[in-house]
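Below: the structure, in structure tokens.
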Amino acid sequence: MAERAYITPIADEDLYVLDTASWRVYRPVMDKSKCVECGMCMTYCPVRAIIGTDDKKYKITYDYCKGCGICAAECPRKAIEMVLEGGAE
Amino acid sequence: MAERAYITPIADEDLYVLDTASWRVYRPVMDKSKCVECGMCMTYCPVRAIIGTDDKKYKITYDYCKGCGICAAECPRKAIEMVLEGGAE
Amino acid sequence: MAMKEIRLHGRGGQGAVKAAQLVVRAAVTGGKQAQFIPFFGVERKGSPVFGYLRVADEPIRRKTQIYTPDMLLILDDSLVMLPETYAGLKEGGVIIINSTKSAEELNIPQQAGTVAEVDATAIAEKHLGRNIPNTTILGAFGKVSDLVDTETLFSTIEEIFGKENRKCAEEAYEAVTIIRK
Amino acid sequence: MAMKEIRLHGRGGQGAVKAAQLVVRAAVTGGKQAQFIPFFGVERKGSPVFGYLRVADEPIRRKTQIYTPDMLLILDDSLVMLPETYAGLKEGGVIIINSTKSAEELNIPQQAGTVAEVDATAIAEKHLGRNIPNTTILGAFGKVSDLVDTETLFSTIEEIFGKENRKCAEEAYEAVTIIRK
Amino acid sequence: MSYIDVLREAEDQVTPGASACQGCGGELILRTVLQIAGKNTILGVPPGCMAGAGSVGWNFNSGVRIPVTIPLLDNCASLFTGISQMYQRKGREDVNAVIVAGDGATADCGFQSLSGAAERNEKILYVCYDNEGYMNTGYQRSSTTTKGSRTSTTPLGSVINGKVQHQKYVPLILSMHGLEYCATASPSDMKDFVEKVQKGLAASKKGFAYLHVFSPCPTGWGYASDQCIAVARKAVKSNMFPLWEKDENGYKINKVIKDPMPIREFVQGISKFKKLTDEQIDSIQQMVDTRYAELERLAGKE
Amino acid sequence: MSYIDVLREAEDQVTPGASACQGCGGELILRTVLQIAGKNTILGVPPGCMAGAGSVGWNFNSGVRIPVTIPLLDNCASLFTGISQMYQRKGREDVNAVIVAGDGATADCGFQSLSGAAERNEKILYVCYDNEGYMNTGYQRSSTTTKGSRTSTTPLGSVINGKVQHQKYVPLILSMHGLEYCATASPSDMKDFVEKVQKGLAASKKGFAYLHVFSPCPTGWGYASDQCIAVARKAVKSNMFPLWEKDENGYKINKVIKDPMPIREFVQGISKFKKLTDEQIDSIQQMVDTRYAELERLAGKE
Amino acid sequence: MGVIKVLTGNYSASEGAALCRPDLIAAYPITPQSSVVEYLAGKVHNGVLDSNLVQVESEHSAMSVVEGAAYAGGRVFTATSAQGLALMYEPYFRMATLRLPMVMAIATREMTSPETIWSGQQDAMSVRDAGWIQMFCDDNQEITDMVIQAYKIAEDEGVLIPVNVCYDGFYSSHLTTGVDLPLQEEVDAFLPPVHFNHATLDPDHPISLDPMTPGNLLMKYRRSHLEAMKRVPEVVDRIDKEFGDKFGRYYGGMISEYRIEDAEIVIITVGGMTGAGMDAVDAARENGIKAGLVKLRFTRPFPAARVAKALEGKKAFAVIDRSVCFGWSCGPMYMETKASLADAADQYCHFSAIGGLGGADISTDMIYSTIQKLEDNKETKTELETQWYITE
Amino acid sequence: MGVIKVLTGNYSASEGAALCRPDLIAAYPITPQSSVVEYLAGKVHNGVLDSNLVQVESEHSAMSVVEGAAYAGGRVFTATSAQGLALMYEPYFRMATLRLPMVMAIATREMTSPETIWSGQQDAMSVRDAGWIQMFCDDNQEITDMVIQAYKIAEDEGVLIPVNVCYDGFYSSHLTTGVDLPLQEEVDAFLPPVHFNHATLDPDHPISLDPMTPGNLLMKYRRSHLEAMKRVPEVVDRIDKEFGDKFGRYYGGMISEYRIEDAEIVIITVGGMTGAGMDAVDAARENGIKAGLVKLRFTRPFPAARVAKALEGKKAFAVIDRSVCFGWSCGPMYMETKASLADAADQYCHFSAIGGLGGADISTDMIYSTIQKLEDNKETKTELETQWYITE
């Protein structure tokens, strides 16, 4: 659509994306050594910020992670720790 | 209310009564000799045209009876007959 | 032909609406203009119903009730007790009524012209086994008025209601009597 | 006193609305006229929020957004990146900001007059354990502006948010630094 | 008092000349409910045959001897929430708030307000007379219409033969709202019906009571006007319309039919069913059996 | 594919930056449902937190990668009836018509249209995320709110302590509509949830499928944001939120809890429950037990 | 040429709708409309009409279902009256503001309370500010013809606004008369298959329909809606001509006039009363009264300019309304007719300013700009263009 | 004198309502209204307010519940916005036409679509022909005061019409400022306990409320409603004075004027934009523009005579609407202001004729009588009384 006709309100340009990473106070940090790749953290992350990687492992992405701490709370191995943002990782 | 103010539509004068007897084509006629005063006809009459009398009997009133024939159909003794209106009673 | 206004009076269940719609159909089939409006009360079996029928050569514009009818078509003679039944009948207006009563008993109003009577109930019960006098009285209507072509009327009745109803109309056509002229 | 228009900038969750309502209360308690209108975006934690605060001696009539503020109250210095934050600031307008950055880093606009800075986040975290800098920055506001009586402001804070918050405000009152005059 | 004496003694609250059709099940239900509810009742009858029959009146004349109103088709239960609460507030707990509504007003247009009032447990007795269609507007389908029925919006056409869906079984749905009292009744079983109205009225002093009553309609369904009770009886006997109730003691089937009449027999002689295919009959039979089995399980009979 | 692989492989259809609160159960539900439904889906999200979180977009940007609309709060199921029927008509039975709606849109404002679509058996998958209140407008009570809860319209006052009524148990009510498929699910039991979404999608090719999902809300209910799954798990373990389904084979309890957690324990640490009286706790416990017993009977376990 | 059928007004609407081949029809009964959907149900159940028929549980759902079908690009139809229209008001408003073209017949009926099922135009009139085009028919022929034309108007790409074809309950809906029914092929040639895709939900082209919209942007949609409304008279005229050329019946566009040229006295009518109005005019003429008649065929948009023109130089007029305007203690079309004459006053410079929709601000500066514009034009004594407080 | 409290606009409405001691309050949340009912719920749950609080499942039920309570003679309150108002439209219309006095606050909000939750007056404006009195507040003080006055207006036995107290969503509903809250005793003295019994369902005096009503009779109810509307301005003036005498705040009745005496240029405002309007007028005056302002405090009934009078002799005016009139491509209050000026034209004899409601006929003779009346008065060039086609 070259110029909008303002007929019907539609959204067709792009995704509406908020910088939810900026909400994060605590940052989930995965201890790969403890992780058994069970995937629980991924299944429970409401943001889908934890993704499976090609090597069948799991990885926390921080672009949108809100720092809720669910992954840490649900990891059966306690392999994820919530660390204050800005502090040491 | 001396004169209506026409504020809110209310009906407070009398009952709205239709001459439903005029609908009747067949007239229910009770054969007292067959009747055992069970009251079924009264309980089933949709018009409540059959009433209990002081002497614990039942009586068909014709002012509003529509002639549906339910009483005749339901009388366990077949004590009520439907007779063409205008014909002999 | 100037527009003719006909008011129908019947009772719920007598088929007045169907009859009038049939006249419209017959009139239109015959190239005339016609219109029918039923009047909706709290319509239940046995309660009085009205209808407004108009037939004309020219397009009919008004879509109103009829206050000064040229003709009354009365399907039930008990209705003559109601004040609205004869109300507004034009000077010389025609009455067609399903009845066996006399003009006096029917309390025919002063200004009436032709009054035609037929025992549509008896005819209907004979042919149809029920008091649905609507198609029957149309036979009388066909005879007394010249608003629709009689053969078109009969064939429309047959087409919509079947042979028995046509017989009713035909018998009424013959049986109708003029009790006042 | 002519009407003063103050625009608040904060992020969802920082308590900007509550703070501004508190100022209204303190002003009204002190016999002034005051008004606050929050601007509703799709307000969620972390998203930028605005508010419009007016204080005056005379009744305030307009109930509009503020386009040319006399003062800006900025609860989060990351907001200075947004073009709307400094927009329309009056010549010589006052800025009160929760920050530890320099005027250059804050990109203070040309027309600004007094710029006051306080590390409200640190103070709030010290007393409250959370980054809710709203009551804290009010201490700086009390110091820099003379729109409400300071003691009334502090006691209103205490009344509504409790002692710890009063402490925040008091500390900020002392700690505020004028980084530009 | 025996139910016969109750009906014998209690005053009829409805105009003696009401314009419901000859042999209308709804009229029988309306009169019976109000005889039992009595004078101290505020009545609501939404648009539908029972309002159309004149119960709400015409001009300056009422159709009943008690205070009455015609709610919207879609707000009976919420309108009566207001009425009931005001009478509670006035300390007039003695006043009955009674609604007699058709299946359209109940299951379709007014279902949300009904469900809401049930959830809030408002002190109301809500009686639905279920004639399985919108009779007052000329017999269109409602959600309680039995599958395959001929109605004026589900005609027996060459491609679609009557109504497509099974009926929505409102009483069981309502009973899942945790009411004070919920029951089905049939005019064929007057004793049961009378007792349920009595129980319903009593329950409505504590919360929401719902009664779903089978209401045969000679005009719409197409059967002789004297067959009203016979049709209702067959509905009960075939488990097309089982009689049950749910109160604080749980579900109970009030009339267990030993050897239920097949649906094929029930539908005989009712012209809305006249062109049912074998497949449709089997499908209804299956629905009836499944539903009954569910009721049995709920009643703890398995 | 194991449910973990399903979630691992399937594309996330929702904007990565959605403004649901930290630790929102609804967001997890929305993303999970859409991952499984996939690209070939038309989505409806009525007013409520999930729409408010941006899934329907802002200005010229959408919040999801698939076609989406925001129905009225009160017409999700009927709006989607039209959409679904048009796609059937076009021969595009492959397209999923999916609604993800809050409990307010489902159980209250939109309940009638939902019940109607269920009765007509429209080909739709309707997922209700039940956070027990109107969260988007500031946590007011809904009909699914648990008794005694503190909400902004049922505050913990000196005369009335939270919500008065028990919750309306929508899934069981819906299941009585004779759907293709009806089930409850919880984000704590992901395998079960994923399978039910899959079953629901399959069922929605034949008729109406309804999924009622427990959706803990840290902001409204008042608990730490990392406790979302823990709270959901306790709800399942206490039978506050039993997991069951109904399909063509009848009712089935999917997870039988041997030794259910007492409600007293479930409500711990959730601040909307913080002032529950013993009486209120007992009353909830009793409701939970009664309801579970009913489910057991329906599932033929008695 | 078509085929003459004897039909009620309702059946005339149904036949018109069926000839337009709707994809989906929602049916819910209400007197006096019910037979519209019954008749269509008959056609669908008998395979004569290939439409999806949805038997909803309320009018709220009727409008919602057709709305959903329109989201998927369908041509849709439904019909209602009075309480049904009131109950569907929320999705009704939205159908228009999403600019989804459809046709809904309204067999007009008085609004409860007082409790009534009879004729009256209060239902449609009371919701005339919900964004729809509304037109009122006089006779059955016009009903059929206008349902067909209405689709063409609604779907015109310069319009894209749904249309209510209104006609009087009972007096027209139940009036039986002969109607010249267009043939299917003719209608197919007149009305191409539906095609609008400004609002279509389709997995192959994912969009969001109706994302959250800030006020300034919302006003652009509103302004565009009003601009489309302004185009309606010309589209109506064009389609009236096209239809007339094809089917031999012309209706005159937004209004139609009767014996107006030399009239001193004008009555203005809406809907089915028009026929009686013409008869009354004839009678008046016979009695030496120079009477004429203007029929408001379309009431939305209100044909202000044409009404003002028709009344130019006349001595007296009355507007006959079959509804009331509660806020003015007169009929609504009378009030609006007066509004259409105000410009003749030539007393003021004046205009409408619109702003602050959808949360947009009405700032002091905006109001000041209005004052300035008035000041600059105060001697012109004319109406100026509507001013929108939109910051581009 | 009352007590100063710092309140949002919504809380101002709640406080006003609470001071009127409603018997029953229906609560359903919608942005931006929700905090009205939340605040009241807080009072009820804490025993501060003795009202029945009903937490309904939709606004349709909210209006229905309060309607039921009014059937039992109760004083009732609820509040809503936008979609909620639209959803309750059917019972909303009925509340007014049953002439049940109540007050409903509307925190005005733009109507969907486009999807929005923000400010705008489209919601209330679009339903302005549903029989309610509608008034718009400028500031929080006026909100509190007008809720109280509104009960007195609504319950006035010459009025008996429900009242909408409208104020702008967010701009007023969420505006925090100081409000002088009347004391309970003062309000009790000002507003007596509710008493109306023209429509009460009571087993001790059985009536039918809203029996079936034929058209001719229905028109008598409608006419009576319109006559009551006509009495509103005088009642509003009286109550404004009574309130002012007691509480020291006068509002000016149907409209209020600002710097109007010598103005050449007038802007007309509705609701919360008025304050900015006054500021803009002051600014214009400073720049030598002779500007003034008229605030439409009541929009239903429309204060046509007072507006026309206020504009007399002025050179230019604009009406600022926060909503659109889809049928006129301008703002609704602009259109109606034009209607209120039409009489100044003095070109025609004219009047409104109303008939055919509720199924009554509009006969040829009736129309003829209208023509005759015009003929008889054609040289008068004035507006005549509305003619009702009622056959007594």
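When the chains are written out, they are named A, B, C, D, E, F, G and H in that same order, and each has its own residue count from 1.
Criterion: a residue touches a chain if its C-beta (ideal position, glycine included) is under 8 Å from a C-beta of that chain, and two chains touch if they have at least 3 such contacts.
Please read all numbers here as calculations on a predicted model, not as lab measurements.
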Between chain C and chain H, how many steps is the shortest route if every step has to go to a touching chain? 1
Higher number of C-beta pairs in contact (D-G or D-H) found for D-H
Just how far, in Å, is the C-alpha centre of chain E from the one of chain A? 54
Centre distance in Å when chain B and chain E are each reduced to the mean of their C-alpha atoms: 23
On a C-alpha centroid basis, what's the spacing between chain A and chain D, in Å? 33
Sites on chain C at which at least two other chains make contact: 40, 42, 44-45, 47, 62, 64
In chain H, which residues are in touch with two or more of the other chains? 55, 57-58, 83, 87, 90, 94, 98, 112-115, 117-118, 168, 170-171, 205, 207-214, 217-218, 221, 273, 276, 279, 359, 361-365
Touching at least two other chains at once: which residues of chain A meet that condition? 4, 8-12, 16, 18-20, 23
So in the complex, the part of chain F that touches chain H is made up of which residues? 47, 56, 70, 72-74, 107-109, 111, 134, 137-138, 140-141, 143, 152-161
Chain H residues within the chain A interface of the complex: 113-115
What does chain B use to touch chain G in their complex? 8-9
Touching residues of chain H toward chain B in the complex: what are they? 98-100, 160, 198-199, 205, 207-211, 213, 217-218, 220-221, 223-224, 228
Touching residues on chain B, where the partner in the complex is chain E: 4, 10-21, 23, 38-39, 42-49, 51-52, 63-64, 66-70, 72-74, 82
